[in-house]
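In C-alpha cells below, several structures.
Next, two complexes with chain A in common: one pairs it with chain B, the other with chain C.
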Partner chain A sequence: MLRLDRIDVSYGRVQVLFGLSLNVSAGEIVCLVGRNGAGKSTAIKAIMGLLQISSGSIEMDGERISHYPPHRIPGLQIGLVPQGRRLFSELTVAENLEIGLMVRGGGRNVRQRALEMFPRLQERLDQIAGTLSGGEQQMLATARALCIEPRVLLLDEPTEGLQPSMTAQIRNAVLQLKKQEVGILLVEQRVDAVLALADRVYLIENGRNLRDYSGREINDTPELLIKHLGI
Partner chain B sequence: MRQNSNVVALHAGILASLLILFFITSAYHNGNLARIMVLAVFAMGYNFLFGYTGLLSLGHALFFSAGMYGLGISMHHLELSVLPAFAVALLFTAMVSAAIGFLALRTTGVAFMIVTLMFAQAGYLTILLFGKYTRGDEGFVIQQAERTLFGLDLTDPSIRYFAAFALFAASYLFIAWAVRTSFGRCLVAIRENEARARMLGYDTARHKFLALLASGVLSGVSGAGYALLFGYAGATFASVQYSILPLLWVLLGGSGTTLGPLIGTAFAFYLVDISSEFTSAYLLVVGAAIVFLTLFFPQGLAGEIRRRIAPWLP
Partner chain C sequence: MEFGPHFLLATLEGALTAAVLALTAVGLSVVFGIMRVVNVAHGEFFMLGAVIAWFVSTTVGIHPAVGFLLALVVAPVMVGFLAIVADQLVLRRLDYDPERTIVATIGLLYCIQQVTLMTFGPDARPVIPPFNQRIALPWFELGEQGFQVTWPWGFGVTTYKLAVIMFAVIILVGLWRFLARSKFGLIMRATQLDREMALAFGIPIERVYAIVFGLGAGLAALGAVLIVPIRQAHYLMGGEPLLLSFIVVIIGGLGSIPGTIMAAILIGLSDGIISVFFSPTLAKIIATLLVAFVLVYRPQGLFGRRLP
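And now, the complex of A and B:
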C-alpha cells in the first residue's frame, strides 16, 4: 500500500535520509525504530509532503506521490498523528475534530466512530483542547487523524510522555485500527511499545536502513532491539 | 442545538434593533447610525482577514477607496446609473484585491503588513497623480440627482438609513454564514496555526487568497456604499488613517467575532462624537479610552462578552 523506495531527504545542505526504504501493507503495524536524530520523523514528514525528497520515490497503491503538495496527501487517506500532538490548543475538542473532518468532508458517522474509540473525548467536546491532559490530547490528535478515515496512519511517538494507563488506551486503539485493515506506521523509541505491537520493525541509523526484523524475531529476542538502541 | 438557536436569535436581534433604532432615535443619530452601518461593513471585511484568518493588513484603505472611486468615477465621469456603477466598483475592487493577494501573500507577518501598507500608499499616490479625474485630496461630489435607485432618492435620510441597513444586513449575514462554513472553519485553523492546518491537508495558500479577496471586496462594498449614500469620494479615504481605523474598530469590538466590528465602529464613532463636544483635545480622550480597553478588555468588547458570559457568541 505505502512504499518508500530509496529516498534521500536533506535539510538545506545537510542530508538526513540516505536511500531509506520501507513498506506498509493493509492491517499491518510497522515500526520505525532508531535513536534520536536517526531520521524517523524526517521520514514521516517526507511521506506527508512536508519535506521534498531529492531522490527515490514514495508511492501509495502504486501511485507516485512524492511530488504531491502536503494538502493532497490526506486526500489519499494517509493520516498523521504528529509528535507533540500539534492540536489547535485554543479551539475546543469538537472544533479540532471538525477541522479534521472537513479535510475529506466526513460526516457525523465518521466523527462518531472516532469518538467511540475514545469515549473520554465525548464528555469533553466543549473543552478547550489546550486544557486537556497529555493523554487526552493524544487521544484527540489520534481521533482527529481518524476523521479522514485513514487507510494508512502514521503515528509519531504517540506514547511519549504518557502515563501507563493512557499508553494502554493508545495501544488498544492501534490494535483496533489494525483489525479494521488500517496500515500503521509507528515511529517509536520505546522498546516496550514496539514489542507489544509490531508486525515488522525497520531499524534505522543515521538515516539509513540498518536491519529489518519480523515481530516474532523481536519478541523472541528483544535484546536485538535493545542492543541497537543502546538502552 | 441550543447554541445554534442562540446564534440565530442574536443575529435576528441585532438586525431588528437596528431597524427599531431608526424609529426611536433623532434624525441626527439616524444619520450617524447610517454612517456607522456602512463603515461597519468595512470593519467586517477587515475582520474576515484579520480576526478569522490572522493576517494583519495595513493597507485596507486601498480596497475601501477602490470601491469608492470605482463607483464615484463610474457615476461622475462615465454617467452610469447606480447599479452598473456598483457592479463596476465591485469588479474593480475584486481585481485590485486579487492582484494584491497574489503579490502580498508571498510574504507573512511583519513583511505582509509592510507590503500591504506600501501598496495602499501607492494607491493613495496614484489617486493624487490622476487628480484630473479623482480631484485628489479635494475629492468630488456625486450629484444628488444621480443618486437614485428604483426611483428612490438615496439622499433622503430615511431611505439612506434603510439602504445602509440593507448593505449592512447583507454583509453581516454573509459573514455570519461564511464563518460557519468549512471554509470559515479552515480560516480559523490557519489563524491558530498555519503549519498545522497545512499538515492536516488544507491548501492554506488558496484559503488565504480567497479570504483576502472576500475581505477586499467587502471593504470595497463599504467604500462604494459610502460614496453612494454620502455623495462624496476623496483621497483622504485612501490615506493610511483609513487603513488603521478598521484595525482599531475590530480590536475595540473584538476580533474574530461577527458582532465585534459593529460594536467597535459604533463605539469609536460615538467616542469621537461625544468627546469632541467637550474638548478640542478629543483625541486624548480617544487614546485614553483605547488604552483602558486594551488593558482591561484585551479581547475587545464582544470578545470579553464571549469569554465571560456567552461562549457561544459567534
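And now, the complex of A and C:
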C-alpha cells in the first residue's frame, strides 16, 4: 500500500536520509526504530510531502506521490499523528476534529467513530485543545487523524511522555485500527511498545536501513533491539 | 463653544478615525497574523481604494449616491484582486519569507504609487458623499431651573459620518463572525496557528494566503472608500494610514484582531481629541511615543500574548 523506495532527504545541504526503503501493507503495524537523530521523523515528514525527497520514490497503491504538493497527501487517506501532538492549540476539540473532517468531507458519523475510540473527548468538545491534559491531547491528535478515515496512519512517538494508562489506551486504539485493515507506521523509542505491537520492525541508523526484523524475531529476542538502541 | 460640547465633537471625530483605522489595521493584522508578511504596501492599497472610488463615482455618470455605492463594492473587489495577483507573482515566489517580503512590498508600494500618479495625475480628487445632512445635537446643562436643553451653535454631526462609523462596526462584527463561525475562518485560524500541520491536514495554504492577502487589501480599500468623501483621493495619501495601521497593530499585538480593534479605538479617539484641542502633529507624536513604550515594556502588544 505505502512504499518508500530508496529515498534521500536533505535539510538544506545536510543529508539526513540515505536510500531509506520501507513498505506498509493494509492491517499491518510496522515500527520504525532508531536512536535520536536517526531520521525517523524525517521519513514521516517526507511521506507527508512536508520535506522534498531528492531521489527515490514514495508510492501509495502503486501511484508515485513524492511529487504531490503536501496538501494533497491527506486526501490519499494518509493520516498523521505528529510528534509532540501539534494540535491547533487555540481551537476547540470540536474545531480540531473539524479540520480533520474537511479533508474528505466526512460527516458526523466519521467524527462519532473517532470519538467512540476516545470517549473522554466527547465530554470536552468545546474545550480549548491547549488546555487538555497530555494524554487527552494525544487522544485528540489521534482522533483528528482518524477523521480523515486513514488507510495508512503515521504515528510519531505517540506514547512519548504519557502515563501508563494513557499509553495502554493509545495502544488499544492502534490494535483496533489494525483490525479495521488500517496500515500503521509507528515511530517509537520505547521497546515495550514495539514488542507489544509490531508485525515488522525497520531498524535505521544515520538515515540508512540497518536491518529489518519480523515481529516474532523481535519478541523472541528483544535484545536485538535493545543492543541497537543502546538502552 | 464650551468644553463639553467641544469634547463630544472631538470624540465623534475620533470615533470616525477609529472606525476607518480599525478596518485598515485589521487588514494589516490579518495578513501579518496568518501569513507572517509585513505588508509595507498596505497604505497603497488604501490609496488605490480611494482613487478607484473617485474614478467609479465620477465616470458612472448617474446619481452620485449610486456611483458611491457602486464604488463601495467595486473598489475593494478590484484592490483585493490586484493584491491576489501581487501575491501570486511576488510573495509566493519568495516563499513568503518574512525578510524578503518586506523588501518586495516596499517595491510594490512604489509601483502602485507611481502607476497611480501616471494614470490619474497628482491632483486631489473629491468624491461626493451619498448623503450628508447635518444633524444639530442637543446639549444638556444644569442651570438654576434644573436640566436645560440647549442647541450650541456649530454643535452637530453629519449623517454620513455617523453612517461610516456604523458601517465599519457592521463590517468588523461580520468579519469577526466570519472568522469565528465559517469554515474558511476555521481554515484561516488553523493556518495561523500551525502552517505545517495545516498542510498535513490538506489545507492548501498558498491558496489561503492569496485569499488572506486579497482580504487584507480589500479591507484597506473599503476603509478608504468610506473616508474619501471626507478627505479626498490623492496618490500620496497611503503614508498616514500605513503608519497609523502599524502603530495600531503593534500596540494591539501583532496578529491579534481584538487587540487591533481595541488599539484602533484607543489611537483613533486620542488622534481625534488631540487633533481638535491641540494639533494633528501632536496626536501623531503621542501615538508614536506610545508605540515606543509598548515595544520597550510590552513587546507582545497591550492585548497580545507573549511568545513561548
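The rule we apply is simple: the second predicted complex is superposed on the first by the 231 of 231 C-alpha atoms of A that agree within 3 Å, B and C clash if a C-alpha of one lies under 4 Å from a C-alpha of the other, contacts with A are read in each partner's own complex, and residues count from 1 in each chain.
By definition in this document, a contact is a pair of C-beta atoms (placed from the backbone, for glycine too) under 8 Å apart; a residue touches a chain by one contact, two chains touch by 3 or more.
Quick caveat: nothing in here was measured; it's all calculated off a predicted structure.
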After the chain A overlay, clash or fit between chain B and chain C?
-> clash
Looking at the overlay, what does A:90 touch: chain B (first), chain C (second), both, or neither?
-> both
Scan A:64 for contacts with chain B and chain C and give back first, second, both or neither.
-> neither
Please work out whether A:80 is in contact with chain B alone, chain C alone, both, or neither, and reply first, second, both or neither.
-> both
Give one of first, second, both or neither to describe whether A:227 is in contact with chain B, with chain C, with both, or with none.
-> neither
So, A:98: does it touch chain B (first), chain C (second), both, or neither?
-> both
Report, in rising order, the residues of chain A that make contact with chain B in one complex and with chain C in the other.
-> 48, 50, 69-75, 80, 82, 86, 88-91, 95, 98-100, 102-103, 144, 148
Chain A residues touching chain B - in the complex, by the definition given at the top = 48, 50, 69-75, 80, 82, 86-91, 95, 98-100, 102-105, 126, 144, 148
Flag every residue of chain A that touches chain C in the complex, lowest number first.
-> 48-50, 69-75, 80, 82, 86, 88-91, 95, 98-100, 102-103, 144, 148
Chain A touches which residues of chain B in the complex?
-> 182, 185-186, 188-189, 192-193, 196-204, 311
Chain A contact footprint on chain C (complex, rising order) = 183, 186-187, 189-190, 193-194, 196-205
